[in-house]
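Each of the next two complexes has subunit A plus one other chain: subunit B in the first, subunit C in the second.
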Partner chain A sequence: MKAELSPRRQVFLYGLLCVLLIPFVFPTWWMVTSSVKPISDIFAFPPQLVPARYDWTTYSKVFELQPFVKQYWNSAYIAALVTIGTMVVSSMAGYAFARIRFPFANTIFMVVLLGLLIPSEVTIVPLFQMFLKAGMVNTHWPLILVPIFGAPSVFATFVMRQFFIALPVELEEAARVDGLGRFKIFRKIALPLARPALASVAIFTFLHSWNLYLEPIVFLSSADKFTLPQALTQYTDAYGGPMWNIQLAAATLTALPVLIVFIIAQKQFVEGLAHTGLKG
Partner chain B sequence: MAEVTLSNVRKSYGAVDIIHGIDLGITDGEFVVLVGPSGCGKSTLLRMVAGLETITGGDVKIGGRVVNDLDPKDRDIAMVFQNYALYPHMTVATNMGFSLEHRGGSKAEIAERVKWAADILGLAPLLDRYPRQLSGGQRQRVAMGRAIVRDPKVFLFDEPLSNLDAKLRVVMRGEIKSLHQRLKTTTIYVTHDQVEAMTMADKIVVLNGGRVEQIGAPLDLYDRPANQFVAGFIGSPSMNFLNGTITPEGFSAPGILLPLPEAEHGHKDRKAVYGIRPEHFFLDENGVPAEIILVEPMGSETQVTMKLGETLATGVFRERVSLSPGATIRVRPDLGNIHLFAADGGQRLN
Partner chain C sequence: MAVVQQTARPEARSSSSFWTIARRDSLAGFLFIAPQLIGITLFVLIPLCLVFWYSLHEWNVLANTFTYTGVANYEMLLEDTSLPSVLGATAIFSAGLVIFNLSLALLLAVLLNQKLAGITIFRTMFFSPVVVSLVAWTIVWGFLLQKNGGINGVLLVFGIEGPNWLREPVTAMISVIVVQVFKNVGLNMILFLAALQGVPNELYEAARIDGAPRFKQFRRITLPLISPTILLTSIITIVGSLQVFAQIAVLTQGGPGLTTTVLVYYLYQQAFQFHFFGYGSTLSIVLFAIVAVLTFAQWQMRKRIVFYES
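What follows is the complex of A and B.
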């Protein structure tokens, strides 16, 4: 049973939470409000928390200056493929590491985990060389394949492995007695039960892919192939200076799906991390 | 239904032997209980019959067919696990019909079998619930339902009642027994609880350290245990043991001379262990003196911890003993129920 907090303690806790919220909420608030301000008002002093004047044309200019719909689609389908691919790879690999006894399983898992220690900046040049030779530069393939088989997937594999390890072995033994083979046990028993872990893998994989910046600027060179984070940097004036209000309007549109997904799935996300013994 | 035969079945993990060559024959329809202390290998043996553990040596036969290398699904067995192992994401009906579904049963056939099993076990109102919405006893019943729905050759139970409270355990014990009497399917049941073993089994197999200590009907094991281990394991409160020597006058234990049947005097001057069950002491003014240490009135009987010479022993009396600790009573061992075991090795002497 949860103990009721005293009113004074409640006020204190809510006050503390409000203070802690500032670094998270303020930038978002600033981004959204500044996206509808004329550019001169963005740097006005004292700062305007609520716009004094509204300029809604920023949003139409987002679409006029760049093939923004195409770029939105690029980000969306790449993130979707990466998410699905990572869920497939990490659930199967995580299950194998958790349940299948094969020689050097733990050593191999350690080697795989070492992948997390290598920063993407270190591997980006060799990867570029590889994809160049494969004729895949200025295509979306590197942005799809690198996350599915790279560090993000390693982390997802780790999360899935931890979940499958915690799953009672008796469930799988009961399924063996019931007539299921290894793959069916995975598909019919282990995977449906791993939904919370899969949901958290899906969310952080989607976020990672959606926000990916380094890889797109290395691998892509034509505007119609750009993804959103890369496109945001393209809203500049004739002198190369950023058009802040348009850029922030594009940033607001970019952040919107992520916010929606997170608000809808936050319960499963937290549950998933709780199941895997990881803390958010 | 089928017979199950284990011939010289062995199990090792690396250099460590867990099961040391077990021979066991289980006839068609028999209810056999494997009982023994924790770590004696009873669950391992059951899992070897199920096919969940590999066999290091020997043969397991089900229905006359060697099944050593067959998958669990091909052995035609059903198993009830200690923690029930119900699929949490499936309803009771889906849990029960799951194995039939994977063996190609038609929907109508599955529904009919599930209904049949649910009716037997009183699960009909619960078929649409999920395991998390059931009590411990209901989950246990679903696990049993899942086992019987397929009409397997052999039921395997791995300590199925150990997660239930004492009262429910007694109820479920009765249900499993009556289910067996109804279905007459060959059953192997693992427990560490000798009361479960005594009340349910047609035949008990007492295991210790991966070896069979004795196989027999419950009362045979109770009345004529083959060795000191079985004598101590079967029965509650457990048998009293007094170390001493067989002499022409009786059994000489430290500080006391206990009577022996005349037939046992032939073992004279042999070191031995004198075994007597608590209920085989009688209050008798001509008996041997015993100092009362503790009196525990149970209502129907009184349990008395007493000192026989220098050895603590337990007596269970139908009479109400109203004496206090420190007082002396006189008790007479029932000469027809005295067990003598070798001091070295513990084998039965009489």
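What follows is the complex of A and C.
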């Protein structure tokens, strides 16, 4: 499979890859370019691959029509808290399941794994009722607490456990002989070695929180509480039809920062996620 | 090192004999898993019991009544004339998504596994939609799929009049599947690529010496060796396909008619738009049962299909 390809085959392969690439790359290009076209041009025929005229007012309208800065902040701080929280909870639980012998460990692990089997959509009705009783509807608490401690963090715990199981135990045993406590061994020895696994946990947790859609529209009702995915769909005209160029401008502002970070750190992203899956 | 031993926990070693190493370990273990265990109890186990309890009740939000009705909600499932088409749409969506996703992921992984200059740039670009915000991605596709949108514009350049993709039953279903596949196929592609790179090269060399054609090499060597990854990705993809919501809500709102109303979207409508929390809970139980059965079936299949497991 890894044999050197003939030049003709290489050209064919490049061509094939470029064609296949269109639906992956073109939408992002179309989103960015259409967001700066005047409204009269966005459905122009023939389609303008490069804007003929520019209209930057769409971007100021994004901020005028909704508290977009606030919504951006909501999404960002929720995703940051959820990411850090999940890293703490899942690395501790994953370490315990991999390394520490305690009663009922296997039974508890099976119970926790149940979280993988239960999509959060199944429990959305009772969760809504519970948070309603707790007076936390239309606050960000459900979007922070459930992902960190509930079903979404189980996958992270599983990934961390698999990583710690594969890690050689000798270093920790030496520290134990030296009389270090469990928590110190975890923090000073195991956790620093677990950086690659933690990085992939951080990446998929962040993306999961950043993309969350059902939970925000169930739990949040006022515009200044909205998160980005929810806010994007709110740029509509008097008839409920989408204001395309403004939606696309807001979508560009939402997507580009993450995309840029990804392009800079793509190696860690891709290999981190591949690593996660393989160990599953 | 002896100094560390002295200073680290002098009192723990000399203190009462109750705190043996095993007991201290048990305590540490429980403390380590406590946040996760409490979270799972509070946000998964209790809600799971509640959702079953709710499903046995008629819940009128406006009148604020909550009456036990036994299996009435489950009888309603059988009488619900929308349910067959909802389950049908769910099945078509999931089947279409899994087949298209896995075959495209495998094709891309095989292509990206070739020795070619600049192949990592292609890998990055195929993966990029995974990190684009889901709703942003969906909005752009919704824009492209409009009657006078970009896709029909390109088709018209070639003299083809395209359909109104999101407003006709068949094309609407194809559209939501395709949009979802292009968004996430990069993940499976990477998993397959890692699996392909794990196949020992000697096997191919041996096959080449024996004169096995490339296709046969793929079928007889590659596929069996990556079958654990195929199983894993198919489980993740199927369970993920049953959770699809944002794409439906943004692109088609379940339409036209009920053709793209999948189970989660129907559940959302019943519970949070019409406030039938009892019936919504019953639908949640149906979703749970489907996921459980599928996961169990795939787990069983592992024994028959998966050829090799590390």
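Definition applied: the second predicted complex is superposed on the first by the 246 of 280 C-alpha atoms of A that agree within 3 Å, B and C clash if a C-alpha of one lies under 4 Å from a C-alpha of the other, contacts with A are read in each partner's own complex, and residues count from 1 in each chain.
In the analysis below, a residue touches a chain if its C-beta (ideal position, glycine included) is under 8 Å from a C-beta of that chain, and two chains touch if they have at least 3 such contacts.
Computed from a prediction, not measured in an experiment: that's the story for all the values here.
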- Note on the structure: The answer to whether subunit B or subunit C touches more of subunit A is C
- Item | Touching partner for A:178 - first (subunit B), second (subunit C), both, neither | both
- Item | Partner chain in contact with A:170 - subunit B first, subunit C second, else both or neither | first
- Message: Between subunit B and subunit C, whom does A:192 touch in the aligned arrangement: first, second, both, or neither?
- Response: first
- Message: Looking at A:15, would you say it contacts subunit B, subunit C, both, or neither? Reply first, second, both or neither.
- Response: neither
- Is A:5 touching the first partner subunit B, the second partner subunit C, both, or neither of them? second
- Looking at the overlay, what does A:103 touch: subunit B (first), subunit C (second), both, or neither? second
- Item | Intersection of the subunit A residues that touch subunit B with those that touch subunit C | 178-180, 184
- Per the touch rule, the subunit A residues reaching subunit C in their complex are 1-5, 10, 13-14, 16-17, 20-21, 23-25, 27-28, 30-31, 34, 42-43, 45-47, 88-90, 92-93, 95-97, 100-103, 105, 108, 111-112, 114-115, 117-130, 145-146, 148-151, 153-154, 157, 178-184, 186, 207, 210-211, 213-214, 217-218, 228-230, 232-233, 242, 244, 247-248, 251-252, 254-255, 258-259, 262-263, 266, 269-270, 273-275, 277-278, 280
- Using the touch rule from the top, collect the residues of subunit A that touch subunit B in their complex. 168, 170-171, 173-180, 184, 189, 192-193
- In the complex of these two chains, what residues of subunit C are touching subunit A? 1, 4-5, 8-9, 12-13, 22, 24-30, 32-33, 35-40, 42-48, 50-51, 54, 108, 111, 113-116, 122-137, 139-144, 146, 148-150, 153-154, 156-157, 178, 182, 186-187, 190-191, 193-196, 198-199, 201, 204, 217, 222, 229, 232-233, 239, 242-243, 245-246, 249-250, 264, 267-268, 271-272, 277, 280-281, 284-285, 287-288, 291-292, 295
- Item | Complex interface listing, subunit B residues touching subunit A | 50-52, 71-73, 77-79, 81-83, 85-89, 98-99, 102-103, 146
